[in-house]
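For reference, chains read A, B, C and D in written order, and residue numbers begin at 1 within each chain.
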Amino acid sequence: MRSHVRPLPSYLIQRYQGWRATTYTENRAWYRRLAHDGQRPRAMVISCCDSRVHVTSIFGADQGEFFLHRNIANLVPPYNPDGDHHGTSAAVEYAVTTLKVAHLIVLGHSQCGGVAGCHAMCTGHAPELQAETSFVGKWLDILRPGYERVSHLPEEEQPLALEREAVVISLENLMTFPFVKAALEADEMTLHGLWTDIGEGGLWQYDSAQGGFVEIIPSGS
Amino acid sequence: MRSHVRPLPSYLIQRYQGWRATTYTENRAWYRRLAHDGQRPRAMVISCCDSRVHVTSIFGADQGEFFLHRNIANLVPPYNPDGDHHGTSAAVEYAVTTLKVAHLIVLGHSQCGGVAGCHAMCTGHAPELQAETSFVGKWLDILRPGYERVSHLPEEEQPLALEREAVVISLENLMTFPFVKAALEADEMTLHGLWTDIGEGGLWQYDSAQGGFVEIIPSGS
Amino acid sequence: MRSHVRPLPSYLIQRYQGWRATTYTENRAWYRRLAHDGQRPRAMVISCCDSRVHVTSIFGADQGEFFLHRNIANLVPPYNPDGDHHGTSAAVEYAVTTLKVAHLIVLGHSQCGGVAGCHAMCTGHAPELQAETSFVGKWLDILRPGYERVSHLPEEEQPLALEREAVVISLENLMTFPFVKAALEADEMTLHGLWTDIGEGGLWQYDSAQGGFVEIIPSGS
Amino acid sequence: MRSHVRPLPSYLIQRYQGWRATTYTENRAWYRRLAHDGQRPRAMVISCCDSRVHVTSIFGADQGEFFLHRNIANLVPPYNPDGDHHGTSAAVEYAVTTLKVAHLIVLGHSQCGGVAGCHAMCTGHAPELQAETSFVGKWLDILRPGYERVSHLPEEEQPLALEREAVVISLENLMTFPFVKAALEADEMTLHGLWTDIGEGGLWQYDSAQGGFVEIIPSGS
């Protein structure tokens, strides 16, 4: 392994030094408090790994505010305590039972490559994802039930609809976790489903009364 | 599910509106390009969900730069293509084979609650993590081999040493993935191991020649 | 002094910019009127500095509505014109004689740290507050008479009872100010005592007929 | 006293009910956490009682973020542990030594009635403030040294200059408190001086290198 681990590229060292000399120094007192006292984040956000989604930026969240789990297509698998390593399930368990976050937010986004991959897989256009050894394919299988729900729509509307279905599927799967259900029923936590348009800036949320997404902050100028 | 999904708390709506009216508006042209052309992140960063670690901030990374996977204690499990849902493995596979990132960085940090939990579990002080149904316990099992390597140290030095061992274990496990090994051997990607002191601001990196971590940006004033 | 005064942390600059681009811009016409014409608040509210009490939020008060004085444990000292700097007395004098507010409200709250400190001090558990140089101790002395009134209750009921006694003591002390008495007797101002449960959301008010607090807006779901 | 304490005006009861049914309900989980765990505000803000200054709004601060002390003209008196009730000194002591806030911010504002009163008093135009029994006059005496520093300016520039001098005087007086000095020297807290234009929306901060205020967020459109 050793020979493959390299020094950090200097552009990143310089960036870190810049942060250290400015933002870190400005906020040192607070960062030390957080380090000393521990974190007490108000919310957990489950979002996509996509480099274009900057959760802390769009919600103006500073250090200590959000417990952030990021994976492909912001998916949560169904509750399955089979003894294996389940990273998303572990993150949710830690946030809900140890940190006791007040809000659990699933954030989907437009132009999601993972969702597009699932759509291609479900329509038979991504054989590589159907390979037994494909981790991405097996992960995106979580979203297959979502494809069933949008497959009746015109082809060009399906990807965006599937991005929103990813959020819904994740919310439904979260509800299969006993500790999530318990926290919700005790009113100790609230659940939220969002979808952001990364190019146009709009924000939509899942509205339970309407059973679908409604625009809460418009796109456009 | 429906009755438990609530509207987004207004403080987050206001924060998003603020971002929309300022940062988004300033950068709209770039965000639209990214939405249209797709992401082409230079690096993947695997870091902890901890609310006190702001990867994009400390490296001054803007939209489009980092493919971000965050889980408990920034761990990567060993390669295991058993057909189950493996979120971290899927994220790595996507980053390496589809996005073809140039750098894969594992970033550990001080005061890591996950690592502290693993230490408690390995020293018999966390029975709840040893329960069969504990996702956090099963996830932290990935780090058990790391505990063996630090258990000879004085008790008070073990947590920090284990935080760094988490990075090493993750790097070693990454090397068990054929597509990671292939990209490294073809010099199409480099691997990096980092540890940041969230209170004091210093940055350390794994130095393969020394077989341990060296300080590259000092803590302190 | 100079070297210790730093630039504002950027997270607050960003938040202010967000406000400036949204709320400020929406309301600019009104804010300019207020700046030009002066303030004419309908009520003065004396509340605690506690970060969890958002007076303008809970009463939906917009710019120009409330003259807000906040101190430890929402206390008003007895009238004492000895020539020294008395901040709370000055705020009340300004509100009553210059602004001529119509309502003067004292708002107490649950889980008040200042009141808890007074209780600890009165029961001999806070020697640091009894030090001659302790400003907090000397300030909380205002509330000592309140402790005498609740000390007969079961120990676990005393803190909440003392929080409400803080409101009563403040109202009684307000009545010792000649200009307050005069405004009340001329029916130019009314006095109100409130207590809010910051976790459960309920609101109680001092009922003079009953000589105690009654719930006017219930807690609970 | 009893006969003068009245029920809360119904317009405020309705506003509170509205808040209770919407914002409170949305955030109940968080408010309960805060009530249960206690406050851990990152910053203390000392601002004016003026109804037109909404500190939590302009900084997008939600419950739990700011420890707020408000008095006439956002003044801090010099350190004087003479055993009397000193509300501002007590608030600062509590914030610095018990809550250990990371940032201590003094926020001044335009069109400040208290500062205008001080100016009138210093130029002999407010005999009522010079009365021995005037609490407002005695409180504004804290700012007299500030008048000396601006009296050489053209008359029409003096009020605004005095508003900013109020912030400077308060910062200087804060430095006379041993526990403030200690926290600053140990890098456990930072000090900030701000001035906001309530009509035009701009924000200025005290810049120690320049020895004066610089605009950090512009007024205007």
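Points to keep in mind about this one:
Criterion: a contact is a pair of C-beta atoms (placed from the backbone, for glycine too) under 8 Å apart; a residue touches a chain by one contact, two chains touch by 3 or more.
Everything numeric in this text was worked out from a predicted model, so none of it was measured.
Under the touch definition stated at the top, subunit A and subunit C share these contacting partners: B, D.
Distance from the subunit A centre to the subunit D centre is 40 Å, each centre being the mean of its Cα atoms. Separating the centre of subunit C from that of subunit D, both taken as means of CA atoms, is a distance of 14 Å.
Residue positions of subunit B touching 2 or more other chains: 6-7, 9, 14-15, 17-19, 23, 25. The touch graph of the protein chains shown is complete.
Subunit C contributes residues 14-15, 17-19, 21-23, 25 to its touches with subunit B in the complex. On subunit A, the positions that touch subunit D within their shared complex are 26-30, 32-33, 37, 40, 42, 60, 64, 100, 102-103, 187-190.
Taken in their complex, subunit A has these residues touching subunit C: 23, 26-27, 30, 60, 62, 187. For subunit A in complex with subunit B, the residues that touch the partner chain are 1-9, 12-13, 15-20, 23-25, 28, 31-32, 34-36, 38-39, 41, 43-44, 49-52, 54, 56-72, 75, 77, 81, 83-95, 98, 103, 105, 110-111, 113-114, 132-136, 138-142, 171-172, 175, 184, 190-194, 197-201, 203, 205-209, 211, 216-217. The touching residues of subunit B, counted against subunit D in their complex, run 6-7, 9-11, 14-15, 18, 221.
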